[in-house]
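In the two assemblies presented below, chain A is common to both, partnered first by chain B and then by chain C.
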Partner chain A sequence: MSAATTGAVPEVPAGSLVRKIAWHWRYDEKRELWIGWWTLVVFYNLYGLLFFVIARTQPPPPPSLAPAEIVRWFDDRRYGLLCGYAIVSIVGGATAIMNATLAYTMRRMSVSRAFAYSYLVIYALATLPGMLIMGVACTVGAMRPERDPELVSWLYDFAFLSFEGTMGVFLVGSLVWMVAVLLDKNRVFPKWFGYLNLCNALTEVVVAPAWIFKRGVFAWDGAIAWWINMAVFVTYTAVFLTLLRKMIVREDFGTGPLPELESDRALEPAGTLGAAR
Partner chain B sequence: MTTVAGAEPRADGPDEEERTRGAPFVPGQPDMWVFVLFEALVFTSYFTVYVIRRTQSPALFLQSQAHLDLRVGVFNTLVLLVSSWAVARCVQAGREGSHRTALNNAYLTMLFGVVFLVSKVLEWTTEIEQGFSFTTDEFFSFYYFLTAIHFLHLLIGFVVLGVAVYQIRSPARRSQELVETCATYWHTIDFLWVLIFALLYVMR
Partner chain C sequence: MRRADGELIFLWTLPALGLIWLSAFLLFPGFVQPMSPAMSAEEVAAFYRDPENLARIRYSMILFNWFAVGLIPILALIVLQIRRMAHRTPIFSYAIIACAAGGPTIFLMANLFWLLAAFRPERDPQQTLMFNDLAWVTFSSQVGFLIAQSVILALAIYLDRQERPVFRPWVAHFNLVVAVLLIPAAFVGLALEGPIAWDGLLSFWVRNIAIGLWIVVMGVVLGQAITRQRAEGEAMAT
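Up next is the complex of A and B:
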């Protein structure tokens, strides 16, 4: 990572946001990392908007719907599905930048590069069940409303099972990150984030009954298989975005332990909790 | 832009000075307690859903619950409580510098963990042979779900105990803090089981 600078770097300009952004673009040696972080923030917000508001495929509808009800479900949100998933297919490539940024955190750790590479591969695969298959299946279903209801039902099951039921890749991804954080000696992330990865991985297992149940709390729209998992996932995502931001601030492009933030050192208790880390 | 301090290596391990002074401290890594609290929250939400569903169909839940053998549940609970006692003795022995005793207690914890796993598999087998499977009714769905997710936590517990044993075995890498962190995880499994036992086997 290198700054696009030669000679003395001027101070960050006060006042205008545009001028500040221009300064960071030109002189900030962490420019690429910040682009990665902002891509993550924008993508996750956009993802929520597209899936929950525009396409309205989340929260998921019940798997127990009859073919006629499924056809009506597609009709009710036809243009939302078509437009929403058209945008998803356009912005889907952003996952490459996001995954690279997350893999970078593992490259900065004292652990083997195999962790970062495994993470990249597993999350490249995750784009399929986590986004693209559902997008294509829903778009195909919405494209021709006159299609046989049985075929539309097939697309409906295919879309939601691929999206809600295929959590294995995310499980492995979380475990890779967990082990990397726990083994790391460069203090890139706090150890509790490693344990939080385990919590997230365990909730991915909980989705498995969605392959069996068509109604109830274990179905793909159920309280346990979806709502609790979604709460954990949102918490996990908010936490890793916050920690990632902090990591970028701390980044010194060295190879040893990352320096602590002054604010964190001030908060550290004199003995007890902080010392026992 | 937030300022950063210079990189200073932090002591890896518990602050023994604080401990000997009798200052309050959290056993093991404080980070593990984040896991404990978060898992407690997640399981509390599972339990809440279970109780709500049970309230909506009390007759079905009572009828199905009657097919569980309370004695097996009590046995499971006692076995895990003894395993927790063993891991507590392991921690205590480590603090006193009796590493041989600590190691034996870690193995004893594993042994009771295995007893629990075997008894749970036998219980599942018996239930399935009697025709009560994951999809029989809502009570049994919860029964298999809660016991299986707990089973998975226990399997991870063996990896965790393996880390504790690895630490205790060599004076070069011995970290009392890590051993206590592992013990905290094991106690969490025990704690969660006691709640699952109360909800599935005892609550009427």
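Up next is the complex of A and C:
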């Protein structure tokens, strides 16, 4: 076998970040999980930057704009859209390793592998309506400023409704994760995270009126369809990134319950721990 | 003699698929000399209305529609080889499964837009232009899953630390080079002329040759890995 498993493992070097990363690359048994976790962290931040700052498609503009105003909206951010969504299409595939890492959390649970596989395929599919179709529609909308405004208006709807109006993948995906967390006996995630998944799933239910209303709280830029959704999604993402990090630290590559962290064990009454084992 | 498990059938679909893709590529009049994004709406409409072009557009795109997903069985074989690697988790094989679902779907979307443009060539030229733009932008710029596929495969190979790794390290280096060559195509929206435009050197020729080369090289090394795996299996059985 490799040196990593048989030889003596040196201490994590102090100082330079590059040497630390090199150490983890060579010796850290959990490197695959850490690659997944760091990809999640880096890309969620990058997506925030791309959608909010570079492409400036978030927060979304109102659906009620007239075609001439939509043409102006595209003109205002032409290069932001073209460059922003080019970067989105380069890094978009990173969702594959991100979703694979999240699917692994279900694989580590005491539930059937059907959960991990369902989650993986649902979220692989979700990348298209959730992000890439919007990129194509915005790129086509921005690349020819002289295009017929009626068609630009259709591209605008295509972009925002594919992004916000594709609900099922996130709805069912969150429910799959919820059921897995609630059934799990390996204590991969706390039970309350199961219910947080339900909150995320419900945001996909309340967004449905965005297909019907062009103004007000239910429209795609409204308080319900966008602001509440975004608040829940950001909380949900921050929470699962934190919980995932903790899970990786606790991971023992076994099949039984994950060991608790020393710091958490001190907080828990001895009785409940013993009972759980 | 071991029982047929069908893996070799999957593997030998690759040369057939390569031949079909190449024929469809040559049949589509917009690829042999790639259509320029600088064409006006009237020129694009005339391209689709030309009776000789129209038949070739439809037949080539129907071929692509049939076989766009044809690479999935090969990706499934790659997934099986990743599972033989010395990893602690199935994350890399899961990630390739996710790429296998994403990439072909994008190719199919581009294919639908081309077929839609060709379905009613008498449509207002502005609409034909839009479908043509949607097809070309989807086809050219959506390289994310292909890049991810190569990068994930490279990572999996680098971290396959055993005496006889499934793939040699140069396969990982090769995948990283392919990933880099695919990057410029993402920027097709920025230029209607030059190397970045969808008919340009980087976005069309470099990108598509890199994809073709990836298919050939991965087909060969995959074939070798499967042959070796089988030989080892038989040696153990006797």
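Operating definition for what follows: the second predicted complex is superposed on the first by the 262 of 277 C-alpha atoms of A that agree within 3 Å, B and C clash if a C-alpha of one lies under 4 Å from a C-alpha of the other, contacts with A are read in each partner's own complex, and residues count from 1 in each chain.
Just so we're on the same page, contacts are C-beta pairs under 8 Å (C-beta built on N, C-alpha and C of every residue); 3 or more make two chains touch, one makes a residue touch a chain.
Keep in mind that what you see is a predicted model, and the values were worked out from it rather than measured.
When chain B and chain C are set side by side, the one touching more residues of chain A is C. Look at A:209: by the touch rule set out above, it reaches chain B but stays clear of chain C. Contacts of A:82 after superposition on the shared chain: chain C is touched, whereas chain B is not. Contact with chain C, but none with chain B, is seen for A:139 once the two complexes are overlaid on the shared chain. By the touch criterion defined above, A:241 lies against neither chain B nor chain C after alignment on the C-alpha atoms of chain A. Once the two complexes are overlaid on the shared chain, A:90 sits against chain C while remaining clear of chain B. Of the two partner chains, chain C is the only one that A:103 touches; chain B does not reach it.
Contacts of A:127 after superposition on the shared chain: chain C is touched, whereas chain B is not.
By the touch criterion stated above, A:230 is placed in contact with neither chain B nor chain C. In the superposition on chain A, A:256 contacts chain B only, with no contact to chain C. Within chain A, no residue touches chain B in one complex and chain C in the other. Contact residues on chain A toward chain C in their complex (touch as defined above): 1-4, 29-33, 35-36, 79, 81-83, 85-97, 99-101, 103-104, 107, 116, 120-121, 123-125, 127-128, 132-133, 135-137, 139-140, 142-144, 147-148, 151, 155, 253. Chain C meets chain A in the complex at residues 37, 86-92, 94-99, 101-102, 105-106, 109, 126-127, 129-130, 133-134, 137-138, 141-149, 151-152, 155, 159, 161-162, 183, 186-190, 192.
Contact residues of chain A toward chain B in the complex are 12, 187, 190-192, 194-196, 198-199, 202-203, 205-206, 209, 212-213, 216-218, 223-224, 228, 231-232, 249-250, 252, 254, 256-263, 265, 271-273, 275-277. Chain B makes touch with chain A in their complex at residues 1-11, 13-15, 17-18, 23-26, 28-32, 34-35, 38-39, 42, 45-46, 49, 53, 134-135, 138, 141, 145, 149, 152-153, 156, 177.
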